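Both complexes shown next keep chain A, but they swap its partner, so chain B is in the first and chain C is in the second.
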Partner chain A sequence: MGIDRSSFGKRQLRRLAFLANVVVACVLLAWVAVPRAEPRVFPERIPVRFWHMWSGEWKIVIDKIVMRFNASQNRYEVVALSVPGGSADQKFLMAVTGGDPPDVMAQWNQVIPAWAESGLLVPLDTLMQPAEWAELQRSAYPVALKIGSYAGHLYGLTTGINVFACYYRPEHLEAVGAQAFPDSLEGLMALADRLTRFDDAHRITRMGFMPAGFNMYAPIFGGGFFMDGRLSLNTPRNLRALTFLSESRQKYGFENVLKFESSLNTGGFATEWPFISGQYSVAVDGQWRVEQLAKYAPELRYQTAPIPAPQGGKPLAGFSNGNFMIIPKGARQVAGAYEFIKFWSGVDNPERAAEFYTWGGWLPLSPRITMTAPYQAYVRKYPQFETFLNMLSSENIQPTPPVPFQVLLTDRIIRAEEGAIRGSGSPLQAISTLEADVAREIARRKRFGL
Partner chain B sequence: MTPHSSSQPGALGRAGLHLVLLLLAIPYVLPLIWMLSTALKEDSQIFPREGSAQSALALSNLIPNPLAWHNFPDAMATVPFVTYLRNTLLLCFINVLGAVLSSAVVAYGFARLRFRGREFLFMLMIATMALPGQVTMIPTFALYSKLGWYGTFLPLTVPAFFGVPFFVFLMRQFFLTLPLELSEAARIEGATEWQILWRIVLPLSKPVLATCALFQFLGTWNDFFGPLLYINDPEKYTLAYGLQQFMSSYGGKWGQLMAASTLFILPIIVLFFAAQKTFIQGIATTGSKA
Partner chain C sequence: MKRSYLGYWFISPWLVGFLALTVLPFFISIYLSFCRYDVVSPPVFIGVQNYAELFSNDPLFWKSLQNTLLYAVFAVPLGIATAFGLALLLNLELRGMSVYRTLFFLPHIVPTVATSVVFMWILNPQIGLMNSVLGLVGVAGPAWLSDPRWAMRTLILMSLWGVGGSVITYLAGLKDIPISLYEAARSDGAGAFARALHITLPMMTPVIFFNLIMGIIGAFQYFTQAYIMTQGGPQDSTLFYALYLFYRSWRYLDMGYASAMAWILFVVVTLTTLVVFKTHRKWVHYGD
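Coming up: the complex of A and B.
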């Protein structure tokens, strides 16, 4: 075999083409290789990298708060990054473990106990002056501190609390002759029966009221999952709550309720809430619906009220969660991060921060913020918001228990509720299984020295 | 009847075979049809009221009426689709080039050069394929971070230039099928190993090169986790990452979401149909030694 000299020109051309490709690739690689700085408005300042999970119209609110912070001073610049919610925890954990975490992150997932126990978070109380910490403990709403605390330290400072109450349609109540919203859960359930509508085939066309959420109703029945600093799952009050949830659904038939719920358009957008279309007469939801209703259904007549307590239960009770700010271990600008957290949460200046809370329709960290003029103006604008504010001071509002296996616990609580309402076991069996599962997890963690 | 004709199915047999294949294909095609159908529907058609004709489980309800073409421009206006596409194509181009070239060089060494420890090194390289990504994720992240590559495209491109074990394996198997005499003859004529690789082996290996290029393209195109970990600037987001962002932001807008998903997979489908002959040839010829 010989190398054909006559095709030299063709080969040269091919070689040149190949070289040209390599050069193009090298140029492209060089272009991407040069690390370019993050987009900065104030490049002369110290950057504080802030990750959050808001997107769409919420991101605009966050960007506004960041802009306000950056405009308020000349030392730090907060550089915000919106991370897809479903993968934010993975990105965060990788960045912390890899040694290059953000300086501050806004969270709402159940992460504080697990991450704090793994040593991934900076206790925020250690960054505060003793007087500042004492003042926060004295003034903050109880639930705000509960959400952010683990093992005696504050790891997350709340910038928005969520509490849940009843939204109801007065014209539906008037149509069945009800003069006022019931003041007991028993009364509400009796009213719900009158409000619920069926078609000829006995399919539900309008649901008067359907309670759901074991974590919501356990505190309402005077129970809860965390009492006196420890888990309390299988208690008579919790059992009563689960039995109530089970019986409420089975009264209409589990399948019938499921069919009704499946027919609802619950795409997640404000306008798709079935309460707006009148498919529920009474619905339990968070405070953010107040502003959404004003925006997307301004003509809708509705009112809000706390979920009424049953006999022997507790008033102004229920479940709560919220948004909170954390600082990861390994953050380069801990001081800058804390500065930003203070700025947003209003620890040092309630008047200024009150405006931010109104932008997002968030419930504030403390009554000091609630009492400010901007926040009071907001409440006047949205009077139904007051129901939620009144609930904030209640000690009966409970977040997920501060245990390092919150995700598993929540999953098992939901499983217990589903088992009970489906009728696949009695409420007692469901709650016993819940207790056994959690005991097994605690034993497993002990075995592994966690 | 000749032995040849007896081994070939008749027209009826072929029709039957195609019918069975078509039936088997339905479960795989249905999600794609549903995606396209949803991309062309209004929300009211996607979520019809229970009891209405549109809520019935009927094939006719897969056909949108009216056609909501606006979902496509709306989706493209909602996210910077062109920016994401540019970034994705850039990464695909660099990764395909890097992975195919570097893997070919390594595979040539394993297939055609004799040196001490060759088999051991080959087995070692193959063994790295068994390592789950999660095991190497943290050390590589820390390494790239220390190198100052965090936040750039470098962690997403440079590794491709160091050979991809699976491609090395495929190419080595293919190179082993090429007659050794070709290389021997070139050597006698004074060709170097580089010249043999570039002028003889690679031109004869187009199917396997195309297969590896396609695999790499698909891998880079669909990669969500890499950009998630290393990219911190929305200007550098890729389509897979952008699509996830779209789901977070506008998850309830199913029409737009499916329109964006259709746009996302369209190039892959076109590419596969365009290159399917070469692709299948490449796969078929790497499995056995001639």
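Coming up: the complex of A and C.
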């Protein structure tokens, strides 16, 4: 059966014409509805294409920084593009593979070791003058360099370090007669018991404090996952940390804690933080919450303190990550990209960059920025921020180990913690499994010639 | 001949897309499954190492395969039974039946992502609707998605939410059964149960067979709900095969390894489908 042209009468033609009109109307509608790229402000300048993953309130801050850079320039224009965080890494990889990468990208995912190993990133230290590099090494906070380094090179320059400390509600502490924030982890756990509230069905309605994060507590217990240049997973101190995390839940009942945590509204919005609604009396979180609390809960009374060390543990310890800037291999405007990185991070002008750090509530790259007048004014305005600054210089702050299988390692560490804190296995079993999983991956990589 | 050229010309946009974006990657992935490939560097041929690694040295591969099989074994028959049962009810001649049919079909056209997000709230152990309702009758509901003992069962039960699509096919099948068969059975003295067992069920076997095949293929490719609601957790209890494949490819940049996984999945699905096809002559009736 084919198309019989003779059967095409006027009626069919009218129908076809109608359909064609509908298609044309749809195409026109789509053309109007699809947003077009904003026109460039300085089309005569060299464009530096900048990708980042911020959106909403954060994007406004980033746009302000970009505007400042563009206003300070007559050679380059940074053209910013907010890429959805969930697929940013894939888009970046596709862009690099396709030979059309951005010139610079702001990242916070665990990408440096893997991407550096694959030769995707430009070592930033090779773009610096020797004196500039030496000065950065001398002056930067140790953790800032650790976050961006791999195999002896600096691939990412931090524009905001994250460290984590306790936020606590003084009125909750006062209500149970606590005079001050405890100076030991054991004291904090005892206080947490007094702060925790239950309903008639023995369900938790307010959690005094619940420690979480194996990567956070391993350094606090004097351990960590990367010692003397190599992975160290199954160590007595790490085991002690994992046991502590497990036992902290066990005393309230694994399922009870699980149900409480599942009930918390932990969406992406700043106002959804359970600490604000009083569901936690003491909560561990990053320094950016200071800025958010000032903006969204200005009436809230709160204080900050480092997570206290347990007996035999280390003070001012914990996990750290951050935002860092990378330049992909194949970028067309490497010089322009580096110019922008310097401008934002404050390598060449700490005074100017200090303001940017305060806009986002970010911790700076080096004490040179911390000591500037704008930054000091910010700390005076938000004294709670000082806790985080004091932690920055600590050698006990540890980022994720710089191994090329960083993402897999993090997944396995989370899995080990999950196993221990749910009570489905002992902490020793969990840490042994973690060690075996990672050893298997290392062996596999060797076999594959990686 | 000219007419067929015209046809090809009309379908050429789809044809080009199909060849370039489906057929070509399909064949390239065979080669990649024998390579070490991280997307950004050129693939390096490593023989059967990816396959050897998967079978002998990757507990998560087996775990994800086991999870997927478990899901298929329970979700597919449960889905068939529920959809068939609903279709029987919706086939009754009652007032307002078209409204009920619409209501049962609606969930099928709601996007999976939206459904998943809504279910995350419904199944919230402390403030969710499900446990609140159970609480009214004195039952303390579990942590549906956060408890490793419950997460898989929850996803299996949740799969029933979208049975509306199959219900429509069963309804169409039921409408297709000649009335004369029932009349003849009735005149021979057959009761309602006997009619259902000896007429309805055999006449519906082609539709059941179709839904079984589609269900098996769908179960082996189960991804979206697990990706959104549990990310494979807690403790890998909902780490489905397709989800692990995705993690391996885009999270760990192990494209060669993931390609090998994809081909194993292809073989498993093909073999399972073939086995079901082999048996269908014994239980599917085409009315001839």
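Methods note: the second predicted complex is superposed on the first by the 412 of 450 C-alpha atoms of A that agree within 3 Å, B and C clash if a C-alpha of one lies under 4 Å from a C-alpha of the other, contacts with A are read in each partner's own complex, and residues count from 1 in each chain.
We adopt the following convention: contacts are C-beta pairs under 8 Å (C-beta built on N, C-alpha and C of every residue); 3 or more make two chains touch, one makes a residue touch a chain.
Everything numeric in this text was worked out from a predicted model, so none of it was measured.
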item: Which superposed partner A:Asn21 touches (first chain B, second chain C, both, neither); value: first
item: Touched partner set for A:Ser263, first chain B, second chain C, both or neither; value: both
item: Chain B versus chain C as contact partner of A:Asp100, first or second or both or neither; value: first
item: Chain B versus chain C as contact partner of A:Gln90, first or second or both or neither; value: both
item: First, second, both or neither for A:Ser184, with chain B first and chain C second; value: neither
item: First, second, both or neither for A:Gln376, with chain B first and chain C second; value: neither
item: First (chain B), second (chain C), both or neither touched by A:Phe448; value: second
item: Contacts of A:Gly119 with chain B and chain C, given as first, second, both or neither; value: second
item: First (chain B), second (chain C), both or neither touched by A:Gly56; value: first
item: Residues of chain A at both interfaces, chain B in one complex, chain C in the other; value: 2-3, 90, 94, 97, 259, 262-263
item: Sites on chain B touched by chain A in the complex; value: 43, 47, 49-50, 55, 90, 93-94, 97-98, 137-138, 141-142, 145-146, 148-154, 157, 182, 185-186, 188-191, 198-199, 224-225, 228-229, 232-235, 241, 244-245, 247-254
item: Residues of chain A touching chain C in the complex; value: 2-3, 89-90, 93-94, 96-97, 114, 118-120, 201, 203, 255, 258-263, 405, 407-408, 411, 415, 418-419, 422, 424, 440, 444, 447-450
item: Contacting residues of chain C [partner chain A, same complex]; value: 3, 6, 36, 38-41, 44, 46, 49, 53, 57, 124-127, 140, 142-143, 145-148, 233-236, 247, 250-253
item: Parts of chain A lying in touch with chain B, wherever the complex brings them together; value: 1-3, 11, 18, 21, 25, 28-29, 32-36, 38-39, 49, 53, 55-56, 59, 81-87, 90-91, 94-95, 97-100, 259, 262-263, 265, 267-269, 272
